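Each of the next two complexes has subunit A plus one more chain, namely subunit B in the first and subunit C in the second.
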Partner chain A sequence: MQHQLLAQPAMSIAKLTLQAGESVTCEVGAMIAMSSGFTVETTSRNRGGGGGLAKGLKRMFAGENFFLNHFTATAPNQTLWIGPGLLGDVMHYPLSGGTLIVQGSSWLASDVGIEIDATWQGLGKALFSGEGMFWVKCSGRGDLFLNSFGAIYPVEVNGEYVVDTGHIVAFEDTLNFKIGKAGSSLIGSVLGGEGLVCKFSGQGKLYCQSHNPPSFGQLLGPKLKAR
Partner chain B sequence: MIEIACPNCQKRYRLDDKFAGKKAKCKQCGAVLVIKAPTAGSTKPANPTPPNQAAAPADRVAKPNAKSRAAAIPPVVPVELVSPVQPAAPDHSDADIPTATAIPTATEIPTAIPVSDDPFAEIPFAEVVPSATPQAFVDPNLPRQRTPSPGNAASPGVSETLRGTTGHMKYEISQRPDFSIVKIDLPQGGKVYAEPSAMVSMTPTMHLEAGFKGGLGKTFGRLLGGESLIINTFTAQDGPGEVMFAGGAAGDVAYHRLNGNSLYLQRGAYMFNSEGVEVSGKWQGAKGFFSGEGLVLLKASGTGDIFFNSYGAIIPIDVTEGFMVDTGYIVAFEESLQYRVTVLPGLRTAGKIKSFFFGGEGLVCQFAGSGRVWIQTRQVKSFLAWVNAFRPTKSN
Partner chain C sequence: MDQTFSGGVFTETIDGGRAGAEIELLPSGVGARTPDGEAFVIPYRECQVEVGGFSGRMVFCRNADRSLTIFCESPKFAKALSFASSGMLDDQLTSGLKKQRGESRRGFAIGTFFVIAMLLLLVGGYFGIRAGARSAVLALPVSIDAQIGDAAMGSMDLGGPKLDDEVVVGAMQSIVDRLAPTAAIEGIDFRVHVVESNQINAFALPGGNMVVYTGLIRNAENPEQVAAVLSHEMSHATLRHGVQRIGQSLGIWAGVSLLIGDVSGLMGSAVDLMQVASVNSYSRAHENEADREGVRMLHAAEIDPSGMADFFEQLEEKHGDVPGIFAWVSTHPDHASRIASVRAQVAALPSHEYREIEVDWPAVKRRVDEMDGREIDQQPNADQENAEVE
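Right after this comes the complex of A and B.
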């Protein structure tokens, strides 16, 4: 599978070129356009893998759709165009045996060689991290495509690093994070507008997004007519 | 012995071979260094040179906060600089290693901004990082494919400025794809017809006249097609004139030259056209109904220029052997293509209707024949659906 990322970072779209027999698993609704030589299959599990209903349900809690779409090319050089719904970037991450923990709604597509599973990060994180209840755990080998709201920037964490809630896209599982205060006192943190933050520790890669959807939504919401 | 340079502050270190493959913290700035095993006879730096130091004189590089967390963020590396020294490049034989990267004498970079009596005199201007395309942060450790052009020789890059001269005007579409704006230069007496509110600015030589155009049937057709009843006519009456046009939403603009053939435009995509082009609504029957994007497509035909816009970037795709586009992402397509609206094929036949209901993709437009389709990378509908969740609810 070859890929090309275009119109970055605000209007990003990924063009995937697949050869006959290759297939890719996408978030439902991610497909924008495609060649005619694809078969499309909608299931609640990884292609060829286990999972089924339980995993589908867990994914649903992770902010992902219950179903997954599998696109399999039946002819050479078939193109598939995928993109996220909101303005933002698309990122390619080549997974080579490691594990990447992806924020629920940031997963866009992955190679069939990648196992996608929702993972529970604990009650405190679920309530206060500003992200979904579950995270998507991606492991195996292959290409992984993530999307963000705003631009994505990578951070090489060695030791500790602090990210505001709602800005995490993904992180390598060699990192751990816990919820903490931004300042030395809770009141100071809240007054400072930062409230609670995610504190990472360990060594590994972390990907953050420049903007966070709830902040933008809360900015727009009160200006709109009531439902 | 391994020799490495800090990717952030260029401080050089010599380390024992046993540290190969490990990571270390730079003593000077705290950035993380990846210690690469020495390749035979090579002393290649572990990371490409950051552009801010490659491009700017060292004394202008302000690093007042080297200890802050910003230091851990890899710098923005423009595309041109990454590719030749891609660390993951598998094919560097000894012959490929440029001699220029041999370790120079360790030079200390001044870490403070020069201070002057006049507080404003020494503030350096914000540096513009050169980049071929406006892109997000590039991670130098990932082998990302960064090609600005969609790989089709006929279609220009997504963020390139488009320029051209036609029989009617000179045009330039810049600020693509996020905030595209079209500048046109008209000779004296030249005319364009535009959707109301598309005009951004113009020279005083231009005269604007609003009115119905093309008779009642065509006017009504445009209304059904999601466009206004009124079409504004811009005439360069008092000499050559210039007009700037932009779409309502942040997004892209595309140009197409009609040579007696026709183009179908999705609802709301029409911007303006030159003389010789006729724009009308066209009843699409059930096909249009199922497209979910309105009953009527606009049809532009004749000989002349037409400009249309979108929310998101516009990507032209030349269809030769069948293509499918989610109905919400079609901007325009040539009449030479046959089309029909259907659910994702291959699923109905096996009785798997669920992809229609749960697959999200729902309806696609299936094209056959040969011709060009323009797709947009985002749709307003998705944004509206998302923002709707943030609307306040009525308290009663």
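Right after this comes the complex of A and C.
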């Protein structure tokens, strides 16, 4: 599978080129356009792997869809265009046996060899991290496509690093974070508009998004007409 | 011991700085082999161990200058590492695992505390508003009572035709007028309505509207006994038991709207409530309070308060087996203790010269008995039968 990311960073979409017999698993609703030589299969399982009802439900809790779409090319050089729901960036991450922890709703597509599972982040983090209650855990080998709200920028962490809640897209499982306050005092943190932050520690790559959907929603919401 | 685990390695010398690797515990140290065939080894005595990662169980082994890190998440790795290094790394492993456990416990404790605090806030807020609404109702002026009572009186089913006989109504009103100056609060205008019905019953609505059934007059031997019942009922009005009950039964939103000063919602629900449960069933505490206050009023008005207990007893003897008729006291579960407590209170009162009630009682009874002749419906109204005033 070859891939090409277009129109970055604000309106990014991914163009995937698959050869006959190759498959890719996409988030429901991610497909924008495709060649005619694809078969599409919708299930709650990982392709050829386990899963089913329980995995589907876990995915739903993590902010993803119960179902997955598997696109399989039946002819050479078939193109598939996929894109996220919100405006923002798409990134490619080659997974080589490790595990990437992805914020719920940021997973877009992956090779069929990658296992998609939801993982609980603990009560304290679930309440305060500004992300979903669950994270999507991607493990295995192959290409992984993630989307964000706004642009994505990678950070190489070795030691400690601080990210505002709601700005995390993904991080490698060699990193961990805890919730803390931005300043030395809680009142200062709240007045400074930062409130609680995620304090990362360990070594590995961290991907952040330039904007966060809840803040955008809070700005936009009051201006919308009541339905 | 030759064991392999799946893990990874961080080092500048490989492309991207990170690679997945097979981890091996070699005699010389912790070894890692990447899929590209590159091999790395960290000798045990150089190894700096840290525990972390997303799961909190990942073990990191770093070399002295931290340029090479081998990590593994396998649950058996820590134990195998301790064994392979002959206990050399145990201190670092134990303190790392302890720190991680402490952190996850701390996260759980904060989360739990937050959830409990939210629940307490919700429950506290609910009861706070309820209590606030109750005291806000009591803080309302007495004129509200009259508005509620008048509206309820105007639209409720009294269970019989209203009587406008001057002798009977006049007698009842004169008893009430004698008791009225002793009322606990000012501003209540007591008006008596007499209703033709066999029920031995009477009740007072908030604000002073009182209803006396002819059944009660027929069964009373002297005006003091009627005065006892009326003083008890007047106490419900003066102690504002009706509005207190409305305050208790207000929904949470009606409570909130009352607290921010909107009385219109209260009025609506109050009138509804008073009509439905018209002949107000009060709580046990309110009944006892009304008994005590009734005795106090009788004593203050120089009317013999022993009439109250006498009347209770007399009714029980006469009609104890006819609960529907014996409405006023029948549903009290511990009727005997009620009589006893009234007697005790009366006995404790300072001795007093009581004055008789100046009412021509035989004439009143005669008028009521005369009415018996022309009364069409001798049976108590079915709806009212169980709706007693206690």
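Keep this in mind: the second predicted complex is superposed on the first by the 226 of 227 C-alpha atoms of A that agree within 3 Å, B and C clash if a C-alpha of one lies under 4 Å from a C-alpha of the other, contacts with A are read in each partner's own complex, and residues count from 1 in each chain.
One rule holds in what follows: contacts are C-beta pairs under 8 Å (C-beta built on N, C-alpha and C of every residue); 3 or more make two chains touch, one makes a residue touch a chain.
Predicted model only: the values in this text are computed from it and were never measured.
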Partner, of subunit C and subunit B, that touches more residues belonging to subunit A: B
Which of subunit B and subunit C A:P9 touches, first, second, both or neither: first
Touched partner set for A:Q203, first subunit B, second subunit C, both or neither: both
Which of subunit B and subunit C A:R227 touches, first, second, both or neither: first
Which of subunit B and subunit C A:G97 touches, first, second, both or neither: second
Which of subunit B and subunit C A:L86 touches, first, second, both or neither: first
Contacts on subunit A seen with subunit B and repeated with subunit C across the two complexes: 156, 203, 205
Subunit B to subunit A touching residues, read off their complex: 23, 25, 31-32, 69, 72-74, 133-137, 139, 141-148, 150-151, 158-159, 177-178, 250-252, 312-313, 315, 317, 321-326, 329, 344-347, 352, 354-355, 358-361, 366, 373, 375, 377-379, 382-383, 385-394
Contact set on subunit A toward subunit B in their complex: 2-13, 15, 28-42, 65-67, 69, 81, 83, 85-87, 89, 92-94, 151-159, 161-162, 203, 205, 213, 217-218, 220-222, 224-227
Residues of subunit A defined as touching subunit C within the complex: 96-99, 101, 119, 122-127, 156, 171-176, 178-179, 201-205
For the subunit C and subunit A complex, residues of the former touching the latter: 6, 8, 10, 17-20, 35, 52-56, 58, 60, 69, 71, 73, 103-104, 106-112, 114-115
